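Next, two complexes with chain A in common: one pairs it with chain B, the other with chain C.
Our next item is the complex of A and B:
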């Protein structure tokens, strides 16, 4: 097992740079999940436009009434009125609607005047803008009708009665297959894992292989009495150990950080999926390292391949936001099927038969990728060996 | 003399495949990935018709008001809804096939049935609410005022909203990613700056040791080689710009000169930062490159390369960081000339970059010019 032992030695030497990659990933993903634990399937009522209201007509019951009404149906975002701040917030969709209630608006509404008007700024052609307009018009129209019907009513009474009427609502029923199974930080962790695992595996495996690719060392190894099949077998075993240990460390870390995700069977499904994925990526790295000649090239390949597969497979941007063509291309990468399995786990309510079938298909496709990569890699390495002999 | 040094430094740069990869190819590859990933990002934001269905039951047949209102709202392609009348069984099946976003069941209590929650569903719900509330208004007013002429009262609709538009067609926030990418490319220019410093610092490379023996002042030599690097790097930024505008179709607003100026200043700033990392300390080339990559990535992250909102979070939570982050200054200059109508913000960024450039140059020069080596 000399080759295998040499593998372990090389891995040990490359450990520091691998650890940097992994720890940067861990810090990043933990920060992001702690910071931004937003829910993917939102509660129906939370689809509220983020709105800033600047009320220059404070004290008038109708204007205050409008503001309070809007703030119960929209998500209030307090910003001071300076130009840049509002423009920036609109651009980054922190708010979608800015409403300025001008001084004297309440009086005008009470008297049926059409001036001054409300001033709004919103993103052009947006749903949320149209929705906000609708909310405002509804309030104003209802108020105007009340005022027309009984002109002598106290304004505060009008506001109260308008609010009473506007509290009425239609019943909503949700016909959804999967409900109440929202986002969990654990899922996020495993989705992002695809990126760092790909990068780390390509770097790790290619560092290992670079050492063995050296011409003199290769020649020396091939003239030794160790059989080629034995030699390749030990190399793959060395890579495999590296893969499994990395996988184990990361999975245990996820268990430690996201203990709240108490669903143990589903964690096991995630781990199994990760395990299959890492084997596949190991095959890919093994294949790529047949072509990698230098340290500089190693970095370039690791970055381009890991970013590329992750971008098109829905690691950085959720799959439903990607175009159909992109996804069609992505389905030719193992990463796509890895993410697919995670999403199945995320959205299933119970471990049913149909779920297990679809989950198993995702794993099998990944495994067939692994086999394909390994076969091609072995063929390439054989050809290289033969061309050297001549 | 100048031409000689310049020419050979240019040639040597053009043969440095690794640096060329990171400054020319890598940004373009990344831009292509961005294009794959972000092309649909804001697709659900723009307004389009909401397909709905209504269950045809007894209540529907009797409720002429609801019929009238819905018909008005679904007359043609520009109206809010496109509506179909169906039986309850049909309604469920087309809902599950995602042909409609939801359907209404008319009755004493109007019911909305949807499959997911989202904005288009909210619009249907808002309509249903409005209908229920209008019905409640009528009931309420008639109870108090039995002689009221409801028909004339409901002629009154109020529209008291005046639009104060933001600069049209300039609200696509996906551009933040691409602007941050340009900023990253500018900072990657640091590889060139670093390369030139290594080429003249005698304790960092053998070539520099030889150059130090030559009777040409080191400062002069350094400026000559830097100008060669600048040419290569500026061309790479221009190529990226060309790729972004012509092939991917990223918008930069109509201020072409501003865009070019920002690229020029950003590119020189990036190179100088690399030079600064080169002159500070005596670490090996590998360590210095690692510092440079780490620095560029961190700064680009804070200017929105990975998460666009990060740029907003930084400028609203820690405005100081906004001004000292070179990547943010570069991307913000692009952002300002794209989104802002006035050019004040653009110039603030450019001036900040120039000041930063000046400070860095002073530091680099003052360290370099006094360096003597006991034995080279």
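Our next item is the complex of A and C:
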């Protein structure tokens, strides 16, 4: 097993350059985990926008009712109502919303105008402003419905009834713990893993092939009594062991980082997907190695291929944000199907038959890529060998 | 015969690299394959090892036909290529161990052989060095160690001293003679005729893919008409008297040719004839003042020059 042992030694010698990619990856995923970029919501806390209400329709029950209702959900900030002071307060974010209730507002509402005129001033693109609008609309809509349903009801009674209705709340609980922060971070780990795995595999496999494809070394090896089938077998075994060990180490690292949140069956699906992906990338690396002639070229190919495929396949930018044309091109790369399988795992609650079908399709497409890469690489390799012998 | 090649023809498209090439190497010989660059030496070696397909002819090694799958024959061959063929990622020890391990499976025996090879080429101090850290000479020695560690019966060295300093070259040549003393048959290709003259017991001279002459050094030298070469350095500038004297030297019955170049007269004498005293007598008689006089026996370059009309080594590279 001399060839196999030499493979391991050559990989060991090239570990520093591969470790750069892995270290960058690990630092990156740790930072991502700490900053918690995922968008899924685990809990909810009501927000209380800082609001000033200037009521020019004082004394009317419906206007007073609106003011009281809004102050229940907002932080009241008293201002004297002069234009400059209000603008300054908005500019310095002392308040986010100013509502002026004009004179006659209550009567208009009582007389069937569902959306009587209100003067609103808020910060542009402020979610608290949108929330305040939502509160006002809720109040107006509910009041209008009461007035429409019971035109003879006393306005003070209407206000009380509206308040009772709007005070009602419902408890919401998240159905699955798996949608929590830990599992999402693990998903991010596996998505970003595509980049590091691609770079590391191209570097590792091409280092081996650069060494063993050197014309003079090949001649020396083929002058020895080692059978060519044995030689190739040991070379493939060396590549395979490298791929499997890299895959195992990274999957165990993911388990170490996210062990508290790990959903074991889904973690296994992620591992299987990663394993299939690494085999595919091994095939791609084997093919690229047939054309790599120097160390400089090796680094360039590793960077261009890993970054290029990851950019268009949704590793750095979510697939949802990529254009249709980009995704159409990306579907001709194994990375796209690797990410596709991860997204399927991320969005499934249970391992159903339909999920498994779609998951299996992603894996099979990746494996098809692996077979295609290997076949082309073997054809190229055989042609090179034959031309060398001529 | 350890190696027997019959009528080998190898073509690269329209170019004939080996043209009915014949070779016989007996056991225990250091056989030199001498020829200028591009004469077909490396191609002959590649065909001998079944690393190249050939158009016609037969190659047998140790009495058996050589084929790519003749693993039992390959077990007893050691090859040292023209270019250094070692792994940059492995140390000196690991490289020798790797190539030895392709032939010797027993770990203990291999260890002993690797140590022996390291000592043989004098790389003990450098065993943990990576090839990139070695000088050209040391790298060549490593290349040799990788080819001989498994103690092959037949060692093929394809120009192992190219771009090597004189000290390392001597060390390598001494090593080859040692290997031969230990029982190995050696085939040594080179375009350095001095090396071949120094170590080879028998040799063949190649040109344009053919063996143009073979035999021992003295046999080859006796094949040509040229005997001793006489060179005379004159003290004065050439004049009509000197020109006349050169013409008289040329007319001597034992002289094949004579020429005048600046202040130097060169003359080639016939094989087994002595002309020095007649030449100096003419110089004295014509009162030509001369400083140094050299008289040399013919070299392999003279053999090659007389047989092909061209020099054995590229003159630019000398």
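The rule we apply is simple: the second predicted complex is superposed on the first by the 245 of 390 C-alpha atoms of A that agree within 3 Å, B and C clash if a C-alpha of one lies under 4 Å from a C-alpha of the other, contacts with A are read in each partner's own complex, and residues count from 1 in each chain.
Following the convention adopted for this analysis, a residue touches a chain if its C-beta (ideal position, glycine included) is under 8 Å from a C-beta of that chain, and two chains touch if they have at least 3 such contacts.
Small disclaimer: the values here were computed from a predicted structure and weren't measured.
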Of chain B and chain C, the chain that contacts the larger number of chain A residues | B
Examine A:88 and indicate which partner it touches, taking first as chain B and second as chain C; both and neither are also allowed.
-> first
Counting only touches as set out at the top, which of chain B and chain C does A:290 meet: first, second, both, neither?
-> neither
Based on the superposed arrangement, let me know which partner A:211 touches: chain B (first), chain C (second), both, or neither?
-> second
Please work out whether A:232 is in contact with chain B alone, chain C alone, both, or neither, and reply first, second, both or neither.
-> neither
Given the touch rule stated above, what does A:9 touch, chain B (first), chain C (second), both, or neither?
-> second
State whether A:322 touches chain B only (first), chain C only (second), both chains, or neither.
-> first
Give one of first, second, both or neither to describe whether A:224 is in contact with chain B, with chain C, with both, or with none.
-> second
Contacts of A:133 with chain B and chain C, given as first, second, both or neither | first
Contacts from chain A onto chain C in the complex sit at residues 2, 5-6, 9-10, 13-14, 207, 211, 214, 216-217, 219-228, 389-390
Residues of chain A defined as touching chain B within the complex = 32, 41-44, 46-47, 84-85, 87-94, 100, 105, 108-109, 114, 117-131, 133-138, 140-146, 148-150, 161, 164-166, 168-176, 296, 300, 303-304, 307-308, 311-312, 316-317, 321-323, 326
Contact set on chain B toward chain A in their complex | 17-18, 21-22, 26, 29-30, 33-34, 36-41, 43-47, 92, 95-96, 109-123, 125-126, 128-134, 136-137, 140-141, 144-145, 148, 153-154, 156-166, 168-169, 171, 173, 176, 306-309, 311-312, 315-316, 335, 339-340, 345
Footprint of chain A on chain C - complex, ascending | 12, 46, 49, 51-53, 68-69, 71-72, 74-75, 77, 79, 81, 83-90, 94, 98-99, 101-103, 146-147
